[in-house]
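Step one of this worksheet: look at the structure below.
As written, the chain order gives the labels A, B, C, D, E, F, G and H, with residue 1 at the start of each chain.
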Amino acid sequence: MTREELQAAITNLEPQVTFEEAGEFLNAVVPSELCRDLMQALHNMPDLSMDYMFCLTCVDWKTHLTMVYHLESTAHGHQVVIKSQLNRENPEIETLSDIWRTAELLEREVFDLFGVRFIHHPDLRRLLLTDEWEGWPMRKDYEDPINMIKL
Amino acid sequence: MEFSLASIADSIDQWLNAHCASWLALTIEFVIVGVLCIGLFAVLGLVLIMMERKVSAYMQLRLGPNRVGPKGMFQTVADTLKLLVKEGLTPAGADKFLFNLAPFVVMIASMLVLAPIAFAKDFVIWDVNIGVLYVSAVSSIGVIGILMAGWASNNKYSLLGAMRSGAQIVSYELSAGLSILTIVIFSQDMSISSIINSQQDGWWIFKGHIPVIISFVIFIIAVTAETNRAPFDLAEAESELTAGFHTEYSGMKFALFFLAEYVNIFIVCAIGATLYLGGWMPLHIGNWEAFNHIMDYIPSSVWFLGKTFFLIFVIMWFRWTFPRLRIDQLLNLEWKYLLPISMFNLLLATLVAIQGWYF
Amino acid sequence: MDVKEPGYQQQPFPGDVHPTATGGLLVSRLDDVINWARSNSLWPLVFGTSCCAIEMMSTASAKYDWSRFGFEVARATPRQADVIIIAGTIVNKMAPVLKRLYDQMADPKYVIAMGACATSGGPFFYNTYSVVKGADHVIPVDVYVAGCPPRPEALLHALITLQTKIQAGGKREKIVIEKFYDNQ
Amino acid sequence: MLSVNAYSIIFYLLAAFIIGNGVLAMTTRKIFRAAIFLLFSLIGVAGLYFWMHVEFVAAVQVIVYVGGIVVLIIFSIFLTQQTGKDMPRPTNTRMIFSALAAILGAALTYSLIRQYGFIGGSGDQFNVSPQRIGDQMLDYQDTGYALPFEVISILLLAAMIGCIVIALKSKPQES
Amino acid sequence: MGPASLLVLIMAAVAFSTAGILLSKVVLKASKNPVKGEPYECGVPTIGQNWVQFNVGYYLFALIFLIFDVELIFLYPWAVSVQRLGMFAFTEAVIFLFILFMGFLYAHKKGALKWM
Amino acid sequence: MLQEVAKTDTGDLVINVGPQHPSTHGVLHLVITLNGETIKKVEPHLGYIHRSIEKMCESLSYRQFIYSTSRMDYLSAHINNHGCALAVEKGLQIEVPQRAQVIRVLMDELTRLASHQLWWGALAMDVGAITPFFHAFRERELINDIMEETCGARLTMNYMVPGGVMFDLHPDFQKKVKDFLTLFKSKLPEYDELVTGNIIFQNRMKNVGYISKEDAISYGCSGPTARASGVSCDIRKKYPYDIYAQLQFSEAIETAGDCWGRYLVRMEEMRQSISIIEQLIDNIPEGDFVAKTKAVLKLPKGEFFTRVETARGELGIYIVSEGGLTPYRIKFRSPGFSNLSALDHMAKGQKIGDLVAIMGTLDLVIPDIDR
Amino acid sequence: MFLSKYISEVFGGVKSLLTGMRRTGYYFTHHKNIITQQYPNQKPVLAERFRGEVVMTHDENNEHACTGCTACELACPNGTIKIVTKFDITPEGKKKKAIDTFVYHLELCTMCNLCVDACPTGAITMSNSFEHSVFDRSELTKVLNKPGSKIREGVE
Amino acid sequence: MNNIGIEQILFISTALFFIGVYGLFTRRNMITMLMAVELILNSVNINFVSFNKYLYPERLDGVFFTIFIIAIAAAEAAVAIAIIINIYRNHQSIDVEDSEEMKY
């Protein structure tokens, strides 16, 4: 599918989605409550069949966090980026780990580094850092005077 | 043949008996035997480990130890000395008694097997009349030492490794036993000396042709497995169980396991050489008197050691070539291939022996 | 904890002959022999955390072949190892593990810090939140070797350096580190 | 070839070894150790056979008991026990009564043996070569053991089938 | 030498091992720390108990091994005599082995020799 | 007492494999639940080499951050650097000279070869054959020598810079590469003799660690791991970068999905890499090896995503720029991370010995996973 | 049928094993394939581009080309280089910035070559030396400008 | 010291027998009970061999009996352990008192 068709199809699925113009992929921004339903549809719709999640990450914009999901269809070859904004104080979003199995570890990583809580995630624990670690190190305001020596 | 170990032993015996009371002479002889055995143990360990390192090095395009002493010959000496003065720790949670007993059991087992082995003509500690049976009996004590070590260490890897090697050793004892039987059938005796004497006119591997060769192959495979050598080294499979049953052992206690492993290799190869390649018996061909006579000039101990080291080399060759089997494949190999084959081979050998179809 | 027992430091340097009691003479010789054995039989623990481990493997490989020095008996368990070569970055989560491994080694034990990361945190010294700035914050290190990664010869050189240190009975101050390569 | 004294010293050593390990095997509260002491006791018995110059039986004893039964017992201990834990102590009364019964029984039997006063030979002419055993075992006359030889194979077959049937019985429910 | 040599060998082994183990105790003053005595499990504390029971199929092999082992000891005296006694002894062994082979086949068929 | 025992003992054994374990190729920590020798569950614990590279890159300039990526997947150091350089070039819209592109691809493929050689030796060592490891390093050392001569380092080269490469090729480069290729092609049959054909090895590999095509996609597997299950996912084919589009090579695909499939795919990839190098080695165009760039690079505001095929699979580099001197956020989508997540799926129901084989064929590089 | 498959399996397996053994046996007997370089005895052959450590080149007059512009310090990704500058009085009486100490933390350096690339005057280069083993890590912190060295005339 | 005769050997076997009996009485664990039984069987074997050797040195029947007893002991041990393990699987315990309601 071309970018336009994809855009139309997604709008069709979820009218609240907005699109960003720039970027090499189609960037769709979806409210966090609707994210899971949209994703489910993207994965299951036969003409979309976004079965390959090749990246899942989060960006801290100081005012809010943005979840970024990169999806691709191995059958059709089209890609899309879904973004979803979360508030910084209490970031929460539904898990996708049952749709894409790879999301389980990736979401744990995002939880570990950004503190985003994934609702219904089967096993949400720190992944990379020790269990006693405090704070979310990839956030922009993270300070750690002991471990972090600023250049 | 003026020079022979047997004559030296005899003269010592005579000299001692002539000069002291018989009980003293006996005690001294025992002490000499003990010291000799310890010496043999130590030397075997040093030589075999060095040999292993060099063999592996050459197969792997490297040089191997060459910097400690001339041509690296003292490398294992250094290792041994270091192990001697390294701490031998006992884990706090271990069953201390059994943990420390296990190396002794393993050592005693492999020391005991030395008794019936004929190192040269008439040079044997105790030519027991059930020779080969004795060997397979006593060597099975070693497995208890391994199980003990594995259990007493209070470590999961050790326990797993010990269980593995227990199952493996007992399984492969069967086919080793069956292939030994083949030779017993041909030579009609179990004692090592008469087995060797039955090869006066040719080694069994030549005389007994097909059934003996099959049993030889099975024997080599089985003893490789019994000594826990690659490709059957699951008990200490580094990549799976770190170091297997001796994970918690250090210093000299570990060295004893290590040493016993190598001495066991020597022993099984000595048995293999005795059964199939005539032990210390020189290469004799039927009744070619001249040829046989020439061969007799080589001392019998050289024959024995030569054959044994050849077999040891083969076993090392296996180790540095093959990947390791998985535990179920290992047991499959024994129960599905080696055991049935050796059972049929046994009958075949009997038939050949009874009908006199051998040379 | 301390690897270098004070008893050893008081022993004379190899070659010195004690003119006093025979006992003293014998002990000093025995000590030299022991140090010789220890230095020539350094069995490393298979411990590599990252990139430097690959160069450590290269050192074991045929071209560099640390078995020439008798180092090749890499043990998987710390109980049987003599030297732990810290090949790679130590991060905060790994530090307790490293400490534990070191503690579980049987005496005598030696440590080589291989590469920039193990010596000082190296490339990850600044602006990282999870890297230990040098393995010597965790365990005592005997020999440091810089480089990122040090080439296999450099690791061999570190091992030779460690050997000289052991042979001298731990008195590092007196030992001159010998260099074999000069690039002119 | 050994002097009489050494001969008997070895015997007493063996006796002490067998009985000592037997007692330990029956009284230790660690089950794995019990198996090991049992093993030593059995090895001691094998040593006794060697001492008596019945080498074949000694070897059979070692092969079957040490290499087989004890290994099997150890495996079953691994399988069924919390091997690190001590076994519960038997109650004192039971211990005392059992000990009394055993000691009294032993005393009685031994006194009977003393009374009977076996007049054995020195056993010197006793010769048990494998050839003799083999010949007699394969002999189908009255003195031979050909029939038991075959029957034992059936017994072993039965045992094997029995083991497999029993052991595999509860397998499916596990997995 | 007779069976007494076994005693000698045992004593030699014990002397050798004891000497080796004691030497390090004499020469080296080992350091102590609380972690040293703990079991080594790849550098992290162990999970759960170490002396756990073990649900493994090893024991089935041991069972069958035991049976075959007994068979083996009967074959030894047979092997010594068979060549002298000739065909009759051969048939006896054929029957003996055949019966056991049946058991082996049974075990194989029942999957007892398959890894659990 | 009866109930107590029944509750506490399920006959399961939980053991740790790693973080210090010879078969985890680094500091992966796996907590394995065993029933007998059969694996019931594998739970990876990561982070033992989490070096916070992503955070660090946020304070490094666009020229500087590339070096840190060679420390991630150090066996594909060039390819990582290549990906980063591509991302920066995408942002700055730099045209890379032809010569630089060819050099880059040559280096990538040499790296891939070296990485696969190491994998081959390490896999053989994991399943217990030690000699192949040394034979693999014999050839690998030759590549290292070539690298050292041209790039100045053996492992962490930092050779690719935005706009091209750091140095021109060494004059001996072509000859050395050709020598190496002839030698390596004569040694490949030896690899087969020693390992591929070996019956023990085949039995260790076949029907072990199976993963289906759907599962492989769902787990986000890429690279040889996914291709062994029949997923066509070679970025060099799908989204060709630099001059890959003009090259003749085929994507190695197997359908077996087990360790044996992964083994065959990697062996085939080695042959493909050889053919790529052969196509290029005589046709290196003349010209600049680096494009003229400003001394200080500033990416425009926006998001840039590049995907490259490392020896382990698809590496994604996601740069968010706010227009400053340093990236605002960088995320490395590492192939090993996703491949690792499939480990539990693959290892369930297999033996411990198989776990080693599975990890060996996944070819994990732990710093690549932890970053 | 079953039997023939069984037998061919056994023989195939044995043959594959023998092939492997032939290969290792070949190497065992052909020692010319050994590729070991005996490092301390044999000098290693290093490529001239090999990056072993950063050095500052000094000519025979003990002069270097570093102006103290700190470009290298800025280019270095991990703060390996610290430059302490001072002001020299030139013969003309003008004040001129020059380096006092050029501190180089070898223990931090990643041999990435970025500093050498950045240096406008080519004052620093990568050298081949690699034997950096020390007993004390503070010995790895080096001062690159030799004592008493001066900036070469004409370098700006 | 006297020469060792049959009496001393019989003393060992008696002692071993009653040690086994003691174990059989005090132990409540099937495996240890099995061990006790093995000890008892061994004492019998010692008797057979010694009678054979000292009283009827020209014959071999004692030896044969011993061998057959060992064989049967092995078979018995195998079956016993199979049963024990089976009981354990069903009852999670091999204490004899716990498995009185055994359904076999």
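Methods note: contacts are C-beta pairs under 8 Å (C-beta built on N, C-alpha and C of every residue); 3 or more make two chains touch, one makes a residue touch a chain.
All figures in this text were calculated on a predicted structure; none of them were measured in a lab.
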{"item": "Labels of chains that are neighbours to chain B and to chain C", "value": "E, F, G"}
{"item": "Path length in steps (a step moves to a chain that is touched) from chain B to chain G", "value": "1"}
{"item": "Whole-Å gap between the CA centroids of chain C and chain E", "value": "40"}
{"item": "Chain A and chain B, separation of their C-alpha mean positions in angstrom", "value": "63"}
{"item": "Interchain centroid distance [CA atoms averaged], chain B/chain F, Å", "value": "45"}
{"item": "Mean-CA-position distance for chain E and chain D (Å)", "value": "17"}
{"item": "Touching two or more other chains - residue numbers and ranges from chain C", "value": "34, 61-63, 65, 68, 76-77, 79, 93, 97, 101, 106-108, 123-131, 148, 151"}
{"item": "Multi-chain contact sites of chain D, meaning residues that touch two or more partners", "value": "2, 6, 53, 55-56, 59-60, 63-64, 67-69, 71-72, 75-76, 78-84, 130-131, 133, 137, 152, 156, 159-160, 163, 167, 174"}
{"item": "Where chain B touches two or more other chains at once, by residue number", "value": "59-63, 66, 85-89, 128, 130, 133, 151, 154, 156-157, 159, 163, 166, 170, 173, 188-190, 238, 242, 247-248, 251, 320-322, 327-328"}
{"item": "Complex contacts: residues of chain C adjacent to chain F", "value": "45-51, 53-55, 57-58, 61-63, 76, 88-89, 91, 93-94, 97, 101, 123-124, 126-131, 148-149, 151"}
{"item": "Of all residues in chain B, those that touch chain D in their complex", "value": "22-23, 26, 95, 97-98, 101, 128-130, 133-134, 136-138, 140-141, 143-144, 147-148, 151-152, 154, 159, 163, 166, 170, 173, 188-190"}
{"item": "Footprint of chain E on chain B - complex, ascending", "value": "29-30, 33-35, 37-38, 41-42, 84-93, 100, 103-104, 107-108, 111-112, 114-115, 125-126, 128, 130, 133, 151, 153-157, 159, 163-164, 166-167, 170-171, 173-174, 177-178, 181, 184-186, 188-190, 242, 247-248, 251-253, 255-256, 327-328, 331-332, 335-336, 339-340, 343, 346-347, 350-351, 353-354"}
{"item": "Chain F residues within the chain E interface of the complex", "value": "9, 11-21, 29, 31, 35-38, 351"}
{"item": "Touching residues on chain D, where the partner in the complex is chain B", "value": "2-3, 6, 30, 32-33, 36, 39, 43, 55-56, 58-60, 62-63, 66-68, 70-71, 74-75, 78, 83-84, 129-131"}
